[in-house]
Structure formats: structure tokens, C-alpha cells
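What follows are several structures.
Across the two complexes that follow, chain A remains constant while its partner is chain B and subsequently chain C.
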Partner chain A sequence: MSSFKFYKPDNMEDLLKVKEELGGRALILAGGTNLLIYIKEGSIREGTLVDIKSLKELKGISGDNGYIEIGAGVTIAEILESPLLNDRVPFFTDTLKNFANPLVRNMASLGGNIADASPIGDTIPSLLVLNGRIKAACLKGERSVPLDRLFKGPGESNLKPDEVIRTVQFSIPERGKGTFIKLGLRNGTSCSVTSVAVWLAAEDGRVEDIRIAFGGVAPIPLRLKKTESLFKGEKLDEEKIRALSGEIDKEISPITDVRGSAEYRKQVSVRLLSRAVRICMGMEE
Partner chain B sequence: MKENFSIIGKRLGGLDEKDKVLGNVVFADDFVMPGMLYARVFRAEKASAKIKCLDILRAQSLPGVICVLTADDVPHNESVKNVVGQTTEVGLLEAKHQVLVKERVRYWGEAIALVAAESPDTACRALELIEVEYEDLPAVFDPLEAMKPDAPKIHGDNNIIASWKLRKGDAEAGFAQADVIVENTYRTPRQEHAHIEPESGVSWMDDMGVINIRYAAQVIEHYRDIATVLGIPESRVRVIGTLIGGGFGGKEDVTVEVFLALLTWKTGRPVKLTYTREEMGYGRHKRHPYVLKYKTGATKDGKLTALEAELVSDAGAYVYLSPWVLVYSTVHSTGPYFIPNVKVDASSVLTNNIMSSACRGFGGMQVAFAYESQMDELAEKLGMDPLELRKKNFLKRGDITASYQEITSEVLLEEAARKAKAALGEKGRGSKTKKIGHGFACSWQSYGRMTYLHDTSSCWVNLEMDGSAVVRTGIPDLGGGQRESVRAITAEVLGLKLEEVHVISTDSQVTPLSGTVTATRALYMSGNAAKLASENVRKIIVEEASEMLSAEPERLNLKDKTVYSVDEPSKLLPLVDVIKRCAAEGKVPQNLATFKAPFTEPITTDIIKDPVFPDFTFGAQAAEVEVDLETGKVNILKWAAAHDVGQAINLNRVEGQIEGGAVQGIGFGIMEDYLEEEGVPLTWNLHDYIIPTSKDVPDIMSIVLQSKSGKGPFGAKGIGEPSISAAAPAIVNAIKDAVGIRIYHIPATPERIFLALQE
Partner chain C sequence: MSNRELYDIALTVNDQEVKGRVKAETTLLDFLRDNNFYEVKKGCDKGDCGACTVIMDGKSTLSCITSVLQAQGSKIYTVKSLGTWDKLHSLQQAFVDYEAVQCGFCTPGMLMTAKALLEKNDHPSREEIREAISGNLCRCTGYKKIVDAIEAVSKGVRK
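Here is the complex of A and B:
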């Protein structure tokens, strides 16, 4: 049977003190869209709910010189409504248009989607191709962790028990175009079967830079650096894109679950990558 | 009855809608009583096992726990019912059920014990303290395997619990005449009802020693089952039905009422029991999954010559309504077509899967997927337009079906299909990777219960001194406006406004029993009963007024609380004056009427060769879909649904039923499937069991046809279930049109379509 305490820190320092004291038993409650489900289904049965919804230090979206910083407590809806982000990096806001449903988007925070460390967290593939980093804070100070080194396995990250995500940052690439494709079994309130984000910069049809990240094809959201290296420098046509996309086979290891078989995920991921590259190349809407 | 309706057929704002939107309705779980206990059900986590040891001592001794009940505490734990109309040659004659598991668990989620405690938390904690030691027993999960002689037996010595057949003409000879034959095997999913409101209720013992249960019930007559389990007179059990937040057949079999009654009977205290969403998944029945083998033949002119089909339904671990669901499948298996030679063999088979029972469509929907896929495939082979082929074979009024029933109402299938197709307009253009297709399907579905069940429905109507009316009807309102229809019909007949009619409904000791809200029977049965009772009251008024006005009673009409002569409208009387005079003369303007459906004799052989249903509703739905060649995902772009409802009572509600049926049918067609692995449920919440959202369905274009030829009030037909069946085949036919592949196993998930595209 569950038993929980509740605590509402007044400021960041207060929050970090609680984290220092309780570690993993301090359950960060931002939107609660994951946490409350874990509690209800019994996978978390005790601890102190630490309500950070009103902490100003975790809010705010800022950016200059192509550098964006988003507070971990910013909600998905706030990101979608941000004039700054819609103007400077519409790729990222587009990513979130099919995130769960309006009710969840109003509650769920960006930091929470990352900290949950789900292989299908819908904010993560896009942040991975933006070379996103998080700032993890504890009483002793802060450290910056690249997202592609944050995740260990389903629900597991390299955050230490006394750390919280304070902000998420990325630089907007100077050149190129990004796209995010999510495949769900339905159009609303849908978990991804797989998802792919691609950022691509090309000159005369030749790839100068490409970044590829997937959700749902491995125990963690994944940057596919080997496949990226194969694309780099290549002159792309549809056939070439198809052939190179097929190379992800060696980097991904999807599982079978109620949403799809491993084999389907493998094959459909190849096609989603092809499509994403074609879109970035302007070959398709 | 006059032809110009004041209320019937209009767009009516039901009086309960505002209350529902504002949250004023006291639904089952909203109800509380002083001193109320909270109940939970302890359920098996094995699909097939013997209980070696059940330890409830720790749970019982938890402070706040008032009682823990097991099978030993249930006066009549096991029940046996004969399956009506099955012969001894068929196999098992008896349907065995147990309230709580006595010794043997037959499916994962079966109820073993009941807990009642002072708080919901304590009840929940008590569940964790109950310990069971199991011994695994052999199990079978595939219905085709379960039919084999050496398969583990779920009950008795035969897993086949029902078999029905159609035999008409000579199928072999029919195929010999065919120029084209299409033969396929189809599979349909285990659909969850997914109603918004969980199974829920509150029970208490009143000061006269009657056990009251106020709960979300499609069948208030279950008070009889409660009395049987407790071994007390039926008159000591009272069921009060609430307005229901959806049921779709999920609240047709017994849900919480027997558990609640047992706990109140044991403790003497009020008890609440509301299922969790997860429990609604693994503790409640689903739609029967079917395997359907179809062989259909036609001449090159497009005349159907023969149908041969084998249907197998997975009944799960208990019989419940499976034999009746199978009757529906068998009768409807031909589709709404005249086929001279028919041979259909249908079986329902027990397995260790979750039980299957009633679900909107009741066996009429799985076969629609098969027969409408067959029609399109035949049309393709014949190089014929799919609607042209169907037109050559549609049943007509006066035709005799393969179950030897005459069609006695209009069949507007051609008009329905034509209008639904036309509503789609021009086909979208699609792209290199996303292809667009159009498809449609027709369907038929009976309304009203099987006639050998001798269905009746009663209603009482009374005019008050001020001219307002009170109606008592037992019919539950499932959310479809069943109660509101009774109100509208009474108001129409008595010339009153809707708000001048008060309807008291759904109380087994206060309202005349009107029967179940199942089988698309509510409007047909309780609507006819309300009309009959209202007309009898009207007759009392009109006869009295005819004396007062010196006019022929047939030439008098009631409108706006006035009785007037249709020949001389200036000759009129206020309704209240007539009522007052009635009262003075001891003529009470009230009536208790009972409407009887046609009665037939029970089926005495396994071959169905007599009429089984009062009548049928016909319709067609059409879809425009977009299929993503690279992912297999289907998007529904446009949807049109045309159904002949005979006579709409409230056009808004009719469209609501059509839209709801289409959406639920779309879910069945492309995404819904309650998955189990070796009997262990995998999709027991609405996170993993997915149903369509508002982003998955376009606006439904409802086309309401009104032949006025139905058996319901004013010529109405039922529409609750008939609106669901055509959806899945319409989608599958549209997918075929878009990308050239046919899906034989629904739901047509992205993965299934993707795999089919690779072949």
C-alpha cells in the first residue's frame, strides 16, 4: 500500500536541499503526467512528492545568437505557443504538435519528458539532432550533460539521485533543415511505435551535415552516428536515400510489444528515415 | 394517428442533456450513503488453475476491513441454465456459472473473493493481503484447437457449447451454377466495450428488509439473479437503474449487482463497488473473436448462386450469451442478400480466454466484415461495379431469408448505398506515398429480441389534474436517449410539450418492467408500450370530450393542452376541463399497457428454419481512406453513413447513434483488439487498448432514411446496433481500392497493411 508525503519548495535552493536529503525518494512533480500513473499502477509506492510547478527558476524560454535555453518546468503547450521558438526553430515546435493530447500538453513539462527516460519520449529525438544538452543541478553546483549521454535504459538516466534537470539547451544549426516523423497507431493521444528526427544540411544535393535520431528502436532514444557518417558527403537521390537508410539495421535493436513487432519496427524505421531525408532535401512535402 | 407530428422526428434537445453537460446527473459512482462501505474484488492471476489454498485471514484482520467473502459464503454460488433451443445432439446443454471461484480458475481475472472495508484504501490494501496457492491446469487458448477431441475441457466434456446451421437449397449445386467463386478466411478481434462509465453501484438494506441496488444496469431484471444467488424471494430485491454512461452490451450481463447484494446482505450496511479501468479490461467480457470461412458463388451476370460458410466464435471461459450471439451470426451470415443455396455451420467454443458475450452488434458485425469483403471481391472478379453487383442481390420486402423469415418491412439498401457513396464526393488525389481509396459496405441487423424469448414491455401513463403527464417505464437509459424517446412519444400522443411529461424510469419495484436496453429493442418495445398506454389515456380523454363537445371521438384531436374538433377547430375544450370531468365521473385518465413482440416457438433443431427476429434495419456506410505505403497506416478522410430508421423520434439522437456506431465500427476495423498471451491480458488499460480519438475520425455525414415501415412506434426501426456493422468492411474495401491489397484479419493495423504490401 502506498504512502506519500508532499512538499512544495519555495525556490531552487529549497528544491536542491530536498533532493540532497531525500535523493531518489524525492519524486519531482511537474506536470505529473507520468508520475501519477506510476503511483496509480503501483510501480512507485512511497516517497515525497516535490511540487515544482510554481518554481520560477524552472520556467522561461530564452535565446540569442542561435542559442536556445528552455526551463525544465516549461510545459509542452508553452513551447508550442512560444513566439521565440516558433520563429527561430519551428522544427522543434512542429515536433510537439502531436505530443499526446491538449490536456497532457498543458501539464507535461519538457524536463519531465526527458527525465522519464522513455525510449519513446517524443521531445527527445529532435533534441538529440539539435545536439541538445541538459543542465543538471544539485546543491554542489551544476553540470552540463549532452542528451546522447544521458540515457542508460528504459526509465533510466545518468542523473544522480540529488540532481534535477534545470534547463535544456541547444544551438540552432546555422544551415540545414530538420523534420520529425512520429508513427503512432492513431492520431491523437498516441504512443510512438517509432519516431525519427533528422537534421540535414546539403549543398547541390550533396550532404554536408546530417544528424539522425530515433525513438522506439532501442532501449534508449538513439543518435545513429554510423548511419550519419554513411550519408555525409553523398549526393542523394531517392534510390541512394533508400539504400543508405537501410543501413540503420546495424544500429537499432527494437523489441516486440503490443504496438508492433520488432521486425515491423525495423522495416518501417528504414522507410521513415528515407521519408525524413527526402523531406529535408525538399524532395517531398 | 395524425401525420403531422409536433415532436416526433424533430431535433429535440433532450431534457437530460443539459444536466449531463453541467455534471448534475448523479451517475452510479456519484451516489453516497451514510456509513457506506467500499468494496473491491480479488481476482485470479492465472488463466487455468486449481486453487489449492486460499488464505483470507490476514485480510480479514486488517483494521477497517468489515468482511471478506469467498465462494463458501455465497448461498447459491453455482448456477446452471439451459441454453434455449439447443438440442442434446449439439453437445453441452447447460451454461454453468459461479459467482466466485470455488475450486477452479478458468480465466485470468476471474473473481475469487470480495472485500468490504471502511475506506477505499483499506479495501485496496486488503486485496494485497489475500494469498492464493495455485496448481496450474492444462489450458487451451485457440478456439480451433479447443474444438479438437483431445483439447483440455473447460467445463463438462465438450468445449463446443453451441452450434447453429442454415440449410437452404443445395449449396453444391449452387456452386456448380457459379461462374465465379470467391473463397476466403476472415478473422475479427476481441473488442472491448470501453464505455466511459465503469461498472458501478451502491447497495443498501432498507427499513423493510429489501436489498436495494442502485447501479448502472442495462437489465434491471437482474434482481431475479440476485434473489437466486442469495436464496431470498425476488420481492426482497429492488434494482434502481441510473442514467448510464455507456454500456454497449458491457452492462448487459451481471456486473457489480450480485457482489453488492452479497456484501450488504452479510454486513447490513450500504456498500459501494466501482470497477477500476484496468478491472474493466481483465474482469469483464469482450466481443467474440471469430474465424469465418466464406465461399461465395455468382453467375457472370452477378446473381449469387451459393454461400457456404463456417463460423467459429471464441466464447472464452464461460458460456454467458455466446449461444445467442451465435444465433445472430448465423442468421445474419448471408448478408442482406437473396441467396438461393446456403449452407452455414456455426460453432461457439469455450477456451481459457476472457469470456465473450454481448457487445453492440451481438454477432451481426463479425459476419458483416466477411460478407461485404466477399461481395467486393466477387465484383472485382466479375469486373462489375460493387454496387451493381449488390443491387442484383439485395433482399426485397416479401423475400424469404436463408433462415426462412419473410422480410416484412422496406429494404432501402440501394438508396442507402447510393447516397452514402455520393456523399463522399470526388476522390482525393493522394501522393506518391499516400494513396486514396473509396469503399462502402452494406449491412443488416435485427432489432428486438429473438422472438422465441417472448418479449414484452410495459408502461404506465397518467394525466395529472393540470394536464401534465407522469410516465412509469422500466426501460434503462443507456445514454442513447431511451427514456427521452418514451417522453417524446407520450408528449406527441397526448398533445403535450416535452417538459410537461415526467418520466420515472428504471426501478424494478416502482416502474412496470419494460425489459432490457439490449438487442436494439428499447425504442421498439418500450416505445410501443408508451405509445399504447398514451393512446389508451388519450382514448379516455377523447371519449369524455366527445360527450362534452357532441362530436365524434375519431374527429377530435389533442394539442397544446386543448381538445378540439378537426372539422370545426373552434369547437374546443381545455384539456384540464376534460380531466376534471373524468375525475368527477371516476374515469381515471391512466393506463398500464403491455406491448408484446411476435411470439414464436423455440428452435427445436440446430438448423434455423423459422423466423427468429421481429424485423431488420438496413444501411450502408462509405469511407474515403488514405493509406501510407511506407508505414501501412490508414487515415480516414471522409465518412458517410446512411440508415433507414423507419421513423426518427429525435433526429439528433438518431444521428448520435449513427455517428457513435460508425466510430466504434471504425475502431473495430483499424485499431481495437484486446490482446492476450496464453490468456494473460496485455492491453488492460486505455493506454494500450486504443480506441479512436477525435483526431482519428472525420465528421460523420449521417444520412437518415425514413421508410416508416418498421415495427416500432410510428413505423420506427431500431438504430443502436445496426449503425456499427458496415464500418469495418467499408474501410477494408476502401484500403483495397487505395493500394490493391485486401485485409482478411482485422483490425487493419499499420503493421498488417505494411506486411500485406510487402507480399
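Here is the complex of A and C:
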């Protein structure tokens, strides 16, 4: 029989103490949009729900010299409504416009989407191309973990049992343009089949810097560094973009599930990458 | 069941205080229905359909994936807070006038999402209305009449 307890910490220290004491049995409850479903499905059968929804230390969005820090408890709707983020990094706010649906966005937190460690977490590809990091806190202190080293497999991260995500940070690249394309089975209330984020800086059509990240093509959200290195220094035209995008085959390992087959995901990923690069190059709307 | 821990909960629903003892994982939806607020519908029970939408502290919220203990002290409004049979709320009247209701199951959630939208943005575009209700699924009317009804209220038009 399932058995749960409920605890609402008063402050960060209190939260970290509970995490220290209970480890993985302390189930962090922010928006609940994943956790309560896991409990209903029976995939989590016991533990203490630790309510962090109104914890001030996990709120807040700040920006300084192109460096952005977002509290893990900030909701997707709060990110979308943030004047600072819309002004400074519209690429990131645009990314979240197709996150689930407006009701879920009112509830779901940024930290929760990351901690869930889903291969199709919709906040993650964009944060990967922004070289995002998290600050993981425990009673002993804090450490900074790059997002591309956080994930181990579906639902598994390198967070230790006594750690919580406190904030998410990234630096806005000085040059270039980013885009995010999410392919779902429909536009609203949809899980990604595959998603891609690209950040690209080019001079006279030649790639100076490119960062590519995919969701839904591997056990974890993935930075495609090999493909990036193929693009770097290349002068891009339609044909070149198509050819180089075809090279992602070697770096991705999608699976077949209810939303699409592995073969479909491979083919559509090539097309998505081409389109994202063309958008960044101003060759397509 | 004797070893199960129960917790006190108190919140207001449609400006009435409601109290109870709940399990840690009890959802707001189950709590509301257990307290006879049957107007809040249980559809998918996993946050996909929007039938259970209520307004919690000013925000449209999926009650099926909200822990009721997180709603401690909150102000919850269900569709019954809108109008009465004799005096329908303008949104309810518009849903009738524009035939935006067929089977009616999605309507309580749809109306609450529409109410939260209009409180935030009293003149939304059709696109903004479509976006706002994108988490409320209707399997009957095809949305056009629902959008028509919400738009009519926002423009103060009566059919």
C-alpha cells in the first residue's frame, strides 16, 4: 500500500535538513504537474511530499551583465511574463510558449522540469545551447553543475539524494541568434516528439560559433558537439545545411514510442536541424 | 488505514470556508468532489484535459494535479461562483447564446479558464483566446463557438 507524508519547510535551511535526513524519500513538490501524476500512476509509492511552492529562496529572476539567474521554483508562466527575460533573452522565453498548456505553465516550475530529467523536458535544449548550469544545494554547501553533465538517463540525474536545485544560470552569448523548434503531435498540451535548439553566430554566411541541442533523440537531452564541429567555419548555403544536418545520424539514438518511431525521429531531426539553422541564418522565417 | 497520517486542511471555496482531514497526496479535485463540489469535473485526472479547472488565488489551475495541502488557506472559485440559474454570468449566458455547449462536460473548466483570461486581459484577440483555452479539451463543439462566446463577452456583444 502506498504511504505518503507531507511537510512544508519554512526556509531553505529547513528544506536542506529534510533532504539530508530523508534523501531520495523527500519528494520535492513544487507545481506537482509531474510528481502527483507519478504518485497516481503508482510509479512512486512512498515518501514525504516536501512543499517548496512558496519558498522565497527559490523564487526570483535576476540579470547582470548578460548573466541570468532564475530560481528553481519560478514557474514557466512567470518566466514567460518576465520583462527582464523577454527583453534580454527572448530566445529563451519564445522557447517556452509551447510548453504543455497555459494551465500547466501556471503551475510547473523550471527546476522541476530539469529535475524530472526527461529526455523531452522542454526547457532543457535551449538551456543546453545557452551553456546553462544549475546550482545544486545541500547542507554542506553548493556546487555548480553544467546541464550537459547533469543527466544520466530517462528520469535520472547526477543530483545527489541530499541535493536540491536552487537556481538555474546562463550567460547570454554576445553575438548570434537562437531558435527552438518543438515538434509535437499537435500544438497545444503536447509532449515533444523531438525538439531542437540552435544558437548560431555567423559572419558573411560563415559559421563562427554554433551550439546544437536536441530533446527526444537519446536517453537524455543532448548537446551534439560532433555535429557542431562539422558546422564550424563552414560557409552555409541551402545544400550545405542539408548535408551537414544529415550528419546528426551518428550522434543520436532515438527510440520508438507512442509518439513516433525511431526512424521517423531520425528523419525528422535532420529536417528540424536544417530548418533551425536556416532560421538562425535568416534564410527562413 | 489506521497507520496513515492525516493532515488538517482549511481553505475557502466560493467564499465559504471548507475544512477537512486529508492524506498527504490528496488532490484538490478529490477534496472538492468529496465536499460536494461536483461541478468540478474529473476527466483525465492527469492534467491533460482541463475539465477540473478552478481559479486558485487568481490563477486558472488544474485541480487534479494540485495537492490540496498546497492549497492551504487559498481562495478557490468553481463554476458555481459565476452565476445562478436566474442570473447567469455573462460568460455563461454567452455560452448558451452561442451554443458553445454540447455535452457540457468541459464547460465548467472552460468557463473558469475564460474567466481567468478576461480578468487578466479584457480584450483578448481570437488567437489569445485560442491559446488560453488550449489546455481545455472539448470533444464536441470544435472550439469555434466557444471562442465566439468568449470573444462576444470581451467585446460586450449580446446575441
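One rule holds for everything that comes next: the second predicted complex is superposed on the first by the 285 of 285 C-alpha atoms of A that agree within 3 Å, B and C clash if a C-alpha of one lies under 4 Å from a C-alpha of the other, contacts with A are read in each partner's own complex, and residues count from 1 in each chain.
Keep in mind that, in the parts below, contacts are C-beta pairs under 8 Å (C-beta built on N, C-alpha and C of every residue); 3 or more make two chains touch, one makes a residue touch a chain.
Worth saying up front: this structure is predicted, and the values here are computed from it rather than measured.
Peer 1: Contacts for A:Arg271 in the overlay, against chain B (first) and chain C (second): which applies, first, second, both or neither?
Peer 2: In the superposition, A:Arg271 touches chain B alone.
Peer 1: Could you say whether A:Gly32 touches chain B, chain C, both of them, or neither, answering first, second, both or neither?
Peer 2: second
Peer 1: With the two structures laid over each other on chain A, which partner does A:Leu85 touch: chain B (first), chain C (second), both, or neither?
Peer 2: The answer is neither, since A:Leu85 touches no partner chain.
Peer 1: State whether A:Gly260 touches chain B only (first), chain C only (second), both chains, or neither.
Peer 2: Only chain B is touched by A:Gly260; chain C is not.
Peer 1: Just checking: does A:Ala117 make contact with chain B only, chain C only, both, or neither of them? Give me first, second, both or neither.
Peer 2: After superposition on chain A, A:Ala117 lies in contact with neither partner.
Peer 1: Of the two partner chains, chain B (first) and chain C (second), which one does A:Asn101 touch, if any: first, second, both, or neither?
Peer 2: Both partners.
Peer 1: Let me test your reading of the model: by the given contact rule, A:Ile165 touches which partner, first (chain B), second (chain C), both or neither?
Peer 2: So A:Ile165 meets neither chain B nor chain C here.
Peer 1: With both complexes superposed on chain A, which partner does A:Phe4 reach: first (chain B), second (chain C), both or neither?
Peer 2: After superposing on A, A:Phe4 lies in contact with chain C but is clear of chain B.
Peer 1: Just which bits of chain A does chain B share with chain C as contact spots?
Peer 2: On chain A, the residues that contact chain B in one structure and chain C in the other are 37, 101, 187-189.
Peer 1: Can you name the residues of chain A that touch chain B in the complex?
Peer 2: The contact residues of chain A facing chain B are 1, 37, 101, 183, 185-191, 193, 258-261, 264, 267-268, 271-272, 274-275, 284-285.
Peer 1: Any idea which chain C residues touch chain A in the complex?
Peer 2: That would be residues 3-5, 7, 23-25, 27, 45-48, 50, 53, 59-62, 64-67, 69-70, 113, 131-132, 134-137 of chain C.
Peer 1: What residues on chain A touch chain C, complex-wise?
Peer 2: So the residues of chain A touching chain C come out as 2-6, 8, 29, 31-33, 36-37, 39-40, 48-49, 51, 53, 77, 100-104, 106-107, 187-189.
Peer 1: Which chain B residues qualify as touching chain A in the complex?
Peer 2: Of all residues in chain B, those touching chain A are 121, 124-125, 128, 431-433, 630-633, 635, 671, 675, 682-683, 687-688, 690, 692-696, 749-751, 754-755, 758.
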